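Following this line, the structures themselves.
Each of the next two complexes has chain A plus one other chain: chain B in the first, chain C in the second.
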Partner chain A sequence: MSVRQFVPWIVGAVLIALPFVYRDPYHLHIIILILIWSFAYTSWSMMGRFGLVSLGHGGFMGVGAYVTALLWNHLGVSPWFGIPIALVCAGALALIVAYPCFRFRITGHYFALVTLALSGIVLQVITATRDYTGGSLGYTPDRTKGSHLVALQFDDKTTWYLIALGVWVAGLLIWRWVDRSMDRYALEAISEDEDAAAAAGVNVTYEKLKITVISALMTALAGALYCQYQMFISPDTVSGIAVSLQMVFAVVVGGIYVALGPTVGAIITILLAEGLRIGFGTKAVGWDNLVYGVLLVVFIIFLPKGILGSLLARLKSPGKPQP
Partner chain B sequence: MMEIFDIYLLEAVINGVLLGGVLALLALGLNLIFGVIDVTWICYAELVMIGMYGMYYLVQYYGLSYYLAAPLTILLVAAMGALLHWLVIAPLLGAAPINQLLATGGVLFVLQSFATVAFGIDFRNLGIRLPVLQFAEMHFSYSRLLSFLAALVGMVVIYLFMTRTYTGTAIRAIAQDRQIMALMGVDTKKIYLVTSALGGALAGLAACLLVLQYDVHPFVGLSFGPITFLICVLGGLGNFVGGFVAAFLFAEIISLGGLFSDLEWGYVLAFAFFIVMMFVRPGGLLARRS
Partner chain C sequence: MLVVNGLVKRFGGFTAVNNVSFKVEKGEILGLIGPNGSGKSTIFNMLSGTFPPTSGSIQFDGSEIAGLPPHRIINRGVGRTFQIPRPFRRLSIFENVALAGYYGQGGGSGGHSLAKANESAEKALAMVGLPTDRDASVDGLGAAGLKKLELAKAIATGPKLLLADESLGGLDEAEMDQAADMLRKIRDELGITIIWVEHIMGVLMRVVDRVMVLDHGEKISEGLPSVVSGDPRVVEVYLGTDADMTQAAAAEARR
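Moving on to the complex of A and B:
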């Protein structure tokens, strides 16, 4: 047991030391992307694990990325202020859409469809305001010369690696915090039976809203970070239904009910996409999503707990049949 | 000045009604699937997209006439609907409902990227330009009028099928009580398959009509998919009449919103309207449940 206590610290130390020892820019780039997307996927599964399947997270991510970039370019607001503002916008959007949904008990299919429409609408808005956002052509935050702390722009990958690592760890800590709180039990009760949970004294609307807003804020942060790191955003990469579904896919593949499931999902999906890109070059356009789609269907049918989830379940109780 | 404005307004209102026909058709197909099988096909608009490509290739590449290509396309999409049910939905019928929805999300990915890989990302159209109808200084595209009428005919045919045939009656019965119908000697599996094919056929019909008005590209489904889902939720999922009413409401909002600003803002307005309506009538427009 004492050895296991040290495992997170050793892994943490190795992860922090990594960019100072290993300096291949391409591989670091991939790892940074994996960390940022892992954070986004973790934030989706925060509510996804309680049966709140949202397909609107592409929308929250788009708000996070675009509000930050627009404030910087048009008003010269530093991302240090821009990101909080973007988070507030995403949180407000989440409240506006989620409150009526939860108050009037729009659950399951209905909730998924409403949030799906939300991500579609955010995409439409970004496209419609093409005079400011560049529409479908994408958008680039104004560059400063070299690394700049105020502009949150860094040339070296090491800084970005550490930022992404920090955010990723924070995501896992939030997951753990929710996992150990009373809210978790309340939300699990709600996902089983809302009436029974309400009868047992759970404030159903409040609990659901709370987790939704937390999840939306985290997703928006992921969007803003992605924007600052890549220095290029387009409606297709940070918003819309495709991004929402990509989140669902990664989480389902990795494992929705375990903390590191989304991370495993991010590793698999990004390596898959990169592998296809390197292997097939420009011919691979479209193929990665084709593979994603087929895998998503196959996983949901045959391995609904995901890779990590099934693995952990097998390790914990080899003989017992899983509930 | 005022007079011209009114003419435009009237034109927008009538165009909204015409748009509503196709939206109602789409909503009907989705509602049918949901009402009977209790599954939401997220990829419904992508089926329409494939149908539009089917029309494009049949007409432009194989040189078939429009009226010959349309039934073939409807058959094709109907077959795809049945295949979708057989391959993806049927193995998941016992699983959590949300898994079925996510699986069709996977199918959405597959169809979209399949279209990208197979057909490329160019915008394509049939090359058929129907004349514009002029009436009292108002302009209506003939294709919209045609699709409105065809959509109405399609819906009447579905209505007759549902009320006058044995299979239709069985479908409606299953929509009311899923468990008991199996005991009454109805082959649920077969009915599910028929319903899926029917939903696919409606998507195919919508594809034949939409291809007259819009260029087809792999992501065309995204431009009317979300609005269809909103219509279905607003009308009450599985509620045919509600979906019909909601379709026309939304079409008016989009059309009138597009009159004052860009078309995209019409969609945003529709979404805002939707949020407000959820406060007013949370159970859907024509909610029967208390």
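Moving on to the complex of A and C:
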């Protein structure tokens, strides 16, 4: 057994032990946010890496968050049931939007535009039904009076840290499962040439739908978790076009073709947002989006594999400059 | 094995294929020739399900396949190559063929294993003479290599009928002969029936059992190579511009 094989176990043990040793609540909070957003970005990259660029994932995240919260507040449904229902809703939404796109071969920029509309529509629905959702002012799940476990509400950061860690790891495992499956070959082939993929026997529409639904379900779960952790959601934070673009940005910056790329992206985006908030306070509201925009252009031109992707490529073949 | 009846394809007001009927017997190699734009590729695209015919029927092994999506037609046993090779450059050579071996034989809908896909990939690669190691990149292949890869992908789908689209464009003469022999080898050793679309008459005439000639979307001649290449209508529409080529083709066919 080489040392390399132990690395994931050592890292895992350190990550699990962390909240018991290190108890600074602010830093733990930042790490939890990074883990939840890493999972959301990983979800986006599941399809993004195959050229299925969705600008609608804010919509799925919004559905995950709002359906869970609305069911709890209005019908008293525990998030343990509310989250699966929210996932079904997000999955159905993904099918409704994606099936016609794939069936009628709306690809590339046009697919991105359709999904962009999805972001907008979910945002509009949330604001339009403000009597129920609180509109753009945001929404808060009712604090539980009974069991915290049933309500999936915990005051303790350690619990949330462990939940977020588990979900993040699960996201990476799903990424790896797809990466090692025959579906990856099929999806790579589809992203290059749909007709040729079909001529190799691939059911193009089905394969694309499958990965889209997996991605949408994961994203909705991220939304629901974010809602349960923050206990406050608003269209700007879990839905809408800004969130969708932030996902694209983070994944491209981190590295779209590597498992931990989205995680690196999350670390950068969240530290950037926090840095701006602490450094400039309310003066800097919206600056992070500006920085994202500029960096996105720079990265797509100069470092299309992202930070982690380029780094790994360089480690593999030292000396040879990477494009 | 394949019975095509009254096949028609219109694109708007343009009729690309007009009422074409033909049969393919098990084990034969049928040559399909005609000038550019005569409807050869359109027929292939309908046979393989890239798009449905406007009207007409395509019966394969006794059941109707016209209008089925491509992956279902391939799972029934009709494989195809493209006129211009379309490799997946983000996959290795082996992965290209393994993909076809997996999905082409019903993978994804159950009942087909990865191990079997890898096995059919190895066989197909060995058949066409490409390396079977797992990591060889597509980027290292030249024109002839890409054509071989195209064939290997089609064979790996386990076809009973292979639609080979202009497989020789861009090859030199030695490579052409090699490729023609390859098609014959595929038929002889794997028992795969072949329809071969080709521009280059000479080589085609030497290998095919029968030939069918298209012009402006209509069938104008069909029969043994030696007979067809002497058909005055064929000479006029297809070869008329170059009498030497006709004679060369006829001579080749008689050989």
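In this section, the second predicted complex is superposed on the first by the 314 of 323 C-alpha atoms of A that agree within 3 Å, B and C clash if a C-alpha of one lies under 4 Å from a C-alpha of the other, contacts with A are read in each partner's own complex, and residues count from 1 in each chain.
Simple rule for what comes next: contacts are C-beta pairs under 8 Å (C-beta built on N, C-alpha and C of every residue); 3 or more make two chains touch, one makes a residue touch a chain.
Because the structure is a prediction, the values reported are computed rather than measured.
**Student:** Identify the partner contact of A:294: answer first if only chain B is touched, second if only chain C is, both if each is, neither if none is.
**Tutor:** first
**Student:** For A:127, select first, second, both or neither according to whether it touches chain B, chain C, the two together, or no partner.
**Tutor:** first
**Student:** Touch check for A:193: first (chain B), second (chain C), both, or neither?
**Tutor:** second
**Student:** So, A:113: does it touch chain B (first), chain C (second), both, or neither?
**Tutor:** After superposing on A, A:113 lies in contact with chain B but is clear of chain C.
**Student:** As a test of reading the superposition: which chain, chain B or chain C, is in touch with more residues of chain A?
**Tutor:** B
**Student:** Help me check something: in the complex, which residues belonging to chain B touch chain A?
**Tutor:** Touch residues, chain B against chain A: 34, 40, 42, 88, 91-92, 95-99, 101-103, 105-114, 116-117, 218, 222, 225-227, 229-230, 232-233, 237, 262, 264-265, 267-268, 271, 274-275, 278-279, 282-283.
**Student:** State the interface residues of chain A toward chain C in the complex, per the touch definition above.
**Tutor:** 182-183, 185-186, 188-189, 191-193, 195-204, 206-207
**Student:** Which of the residues in chain C come into contact with chain A in the complex?
**Tutor:** Those residues of chain C that touch chain A are 48-50, 69-71, 74-75, 79-80, 82, 86-91, 95-96, 98-100, 102-109, 114, 117, 153-154, 157.
**Student:** Which part of chain A faces chain B closely enough to touch in the complex?
**Tutor:** Per the stated touch rule, the residues are 51, 53, 55, 96-97, 100-101, 103-106, 108-110, 112-114, 116-121, 123-125, 127-128, 240-242, 245, 248-249, 252, 285-290, 292-297, 300-301, 304.
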